[in-house]
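For reference, the structure is listed below as structure tokens.
Letters A, B and C name the chains as they come in the text, with residue numbers starting at 1 for each one.
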């Protein structure tokens, strides 16, 4: 334990952690050398698989007409539920799904029966020697399906709502106080319903798997996944292999945003096809297939009731959500969590309702729950501010939660007040006209809006290995993925400081299940978990080297007590007398060691009574009784924006943006800034343009393309200012890293909607706020 | 995509001749529409005749007006000085369309033959009267948010042409030159080129089998020089129009001498509004006149549940465009 | 029954010999017979021009080098690059001209290679992301993307860079707003737009200064 000092104390800012290092994988990305999952073309005998999908959303497959498809030259196989090799286990069986671990999100695997549960469900795999031939044959393959009337969503009159007893939708925060009574007795009562469209992650790289059976009992999959280990676990169970017989590789991932966090049908089907063919198979989802292949953020309504004093102090919050889930799942984002804990409020209650429909299951999408939940609470807090006549920023300070309202625990750190203050300053919030609809630029209505966000520090743990070479290089390994989040870079920086090496002398390897296993790169957990493990693995190296040094008669440290020695800048030295010591190379060379390897399990977050975090905490709290588990761990942030609304055309454009984030230690301000901007841009998209439309009768998407599902383009994005509050959190982990992938989006759509309210006096509660809705709102009296 | 055979034609005569020999063949120009549809398995021509090599890229002044070769690219035409100066609506309609890459690829002739973005047309899993006559139209009671309110029928409510250029050309009285296999040319005003859906939404224009668009001619006019194209979309760029307006005005002493109006994103075809022009002509160039013209343009609108907003939106778009050119 | 779902044993065979050899070894659990070499390579001379059917040898000039591919007329430039020439730097994001990830230069003009048939690019100069750097020296646009962190996941990046190179050359990066508009044909889901803008504008400014 003595060798696990608080990083913040032993490695002050002089190191490369905290420096704006350019991405270490950047050169590979700007030269086209970075290899993604569909780019392993050298595999011997590689063939192409294409999914044939169902036209209808519900029914039974009665047969296949392969006569035309089989005539296509180069077609090698047409695999259907009738001839596909059987799996050892399928996720269709709940017990088996459990065994597959957290990555087996889908509870239904296509091609296991004649059942069609959703539109564009895979019903066959066509394999051919070239992609074009496989695609053509798939087009010619005729699938006979006896259709049944589908349910399209929870809004469908045929849908049956129910209160989930299990699954993520049932994971609601505990009620506190008597919310119903507190609301009924509140001087101010606000009730509003918020509608959120279906959103799709749409990473630029679609789902892709290249499956290669190197032997009958040894599979390698190059898979576009955020979760190397989860994919390994789920695949091995399904295929009847042990985990070590399945190798999952992902060196470069073309975005994920949550949809690559689970194991989806195409990955399993690619492995099955490769097994059937006896040769490597490449399977890439088409963009339309991406919309039904890897989940989405579900269509949902939230009704929020807010009771407050006439001064605007919260008395009660009641949250109710209704959303669509798939025939086999009970998934819903938990929106109510953020409603529960963003503000001090004595009474709270949440309910969730689901309706099963004939849709692919929804899944985590960047800040699942917090993103749409913040839209509700932060819109309604804005209403409250206007209602009681105080500034929107003031209403938030008035209800500031100094402790976690949900658990009563103190925060491990919280810099939201600083975020508000700095954000307001950067944005020029003081120039805001307190009245709605007063600011103009030509024909355009100008509005300022702001909103807060928070995202939990989930708990995670993972392993890492550090191999320090006497020649001054090091190889660092963990089976994480880099979705574009900067994992390659920030972990290189972490290792550089922990080992006292320049970052160019570190090679961080990730994305391979043969490396030390670690948590899925999701839930904003990767930076916190992996940095912690790598830091501790480096400490393991120093501990081992210390043992060598103190027994080496030629070392200045000979005979010293190991606990009196510290590692600093690649040197081992006496704590009491830093001049007495020497560099690692000297020690290793004398001991005839070419290298030394250390490994560690790093922990992160409130779910663990991490010895590391507890130790750090004790150092800070002096009393020695303080520990990590007694704290509520969250990142916080505030977003400010200016919008221009064209009152005649209904168009809304964001013209300025400021985000200030308290996210613990920022390992790299350059990549972190990019990540925050990226989340805000996705939030602007959700606010103004993103929405997948399902035909209300046929339960099939009508805009499953990047031309018709709009994500922001460059011209939508103004100058953006991002800052981080300097925040030291001793409880999170060895590094004090909270993770920032998701806090970036939380509150963003509310900030836009609040700015629209300020510009127009119209409260828009249905996302996305497209011109039709804006015009309709402007037709109504303010 | 099906496996087609391919021939690159060197001349228009050769191209039309090839198509005459193989009636199921299709011309390949920029490919931005054709290959898109073929990849979606909506079209499967067994033979493609590549007309890209044809010497039809000139942009030149003629006695009839500005003549643009059908194989000129959108980017070249959009930034051509003669177009920018003499026909700003045309230039803007081109440069506000698609993306820089697509504009480098797509030809003027091909642009006019774009197909609807209606989601039911674009996904072969859906019934669609335009794609499979008689199969039905789920858009009537389904997702019609982006579809047309003018010129529609019970068979089809698609904006058959989702683009921009044809809207500007419709406003400015452009004439298409078509050539058939015999080398015979005919001239068709663009306002007569497109067909309303009626009961035959699969028939979208008057092109005879094998006929090739070889040129577009836009007459010179004061209202063409004082023209603009205004486009409303859900994101700032790289999106189809929810509504658009191409207008040209000749205003003298505050009075409108001639007016040209066409609307996009709202009609079953690029929607020339002679009703609006009638209201504008001879009247003072004021907002009241513009409003009246916009109301006249939409008098026959047949909105449905989700596209009703377009009735107001396109009127406002039109008024705004008229204000812009009126100065 | 299962046999019925597979092509008959006289179905044609892949053209690639190495694949055939591998198949003989590997067989696969279905063990269906191997196919004959691709037929239909005939380049039929009509009264007009040359008609191409089936797989033929196309010669493409890519990054200054002549490259040959065996491909049917339907093969897009994108799939020729990615699947046949192992030039995987050019990305497939949508395959329908809706995202710009596949942007390459053909005769100096930026185009979507997913909607460009390879056969139509014979005799033209094709530049991909792999052809930008001069040996170890990166192109200024690549350097600027690195410096300004103009990417996260990197998947749209080759297309953004190719588009950025063209955008500057076209003279469409003289102001921020102009560059935003003329870079809007390349989607970036990670949201690196502000940084991409900074990179493109920096290169434009450098080049304006000469």
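To be clear about the criterion, contacts are C-beta pairs under 8 Å (C-beta built on N, C-alpha and C of every residue); 3 or more make two chains touch, one makes a residue touch a chain.
This structure is a prediction, so every number in the text was calculated from the model and none was measured.
The chain pair with the larger count of C-beta pairs in contact, out of B-C and A-C, is A-C.
Centrality by Cα centroid goes to chain A. Per-chain Cα centroids separate chain A from chain B by 42 Å.
Averaging C-alpha coordinates per chain places the centre of chain B 30 Å away from that of chain C.
Centroid to centroid, with C-alpha atoms defining each point, chain A and chain C lie 30 Å apart. Contacts with at least two other chains are made by residues 72, 74, 95-96, 180-181, 184-187 of chain C.
Annotation for chain B: residues 1-3, 39, 236-238 touch two or more other chains. Residue positions of chain A touching 2 or more other chains, listed in rising order: 132, 705, 707, 712-716.
If you check the complex, the residues on chain C that touch chain A are 1-2, 4-8, 11-14, 16, 18-19, 22-23, 26-30, 32, 35, 38-39, 72, 74-75, 79, 82-83, 86-96, 98-99, 101, 128-130, 132-133, 138, 142, 145-147, 149, 151-158, 161, 177, 179-181, 183-197. Contact residues on chain B toward chain A in their complex (touch as defined above): 1-3, 39, 41, 117, 119-120, 122-126, 138, 141-143, 145-146, 232-240, 242, 306, 309-310, 312-313, 316-317, 319-320.
Of all the residues in chain C, the ones that touch chain B in their complex are 44, 46, 48-54, 72-74, 76, 95-97, 100, 103, 109-112, 115-117, 119-120, 163, 166-167, 170, 172, 180-182, 184-187. Contact residues of chain A toward chain C in the complex are 22-23, 25-36, 38-39, 41-42, 44-45, 47-48, 64, 66, 70-71, 73-80, 82-83, 85, 129-132, 201-206, 252-257, 275-279, 284, 286-287, 483-486, 670-671, 673-675, 677-682, 705-707, 711-717, 719-720.
Of all residues in chain B, only 1-10, 14, 17-18, 21, 28, 30-32, 35-36, 38-40, 47-48, 50, 52, 98-102, 104-105, 236-238 touch chain C in the complex they form.
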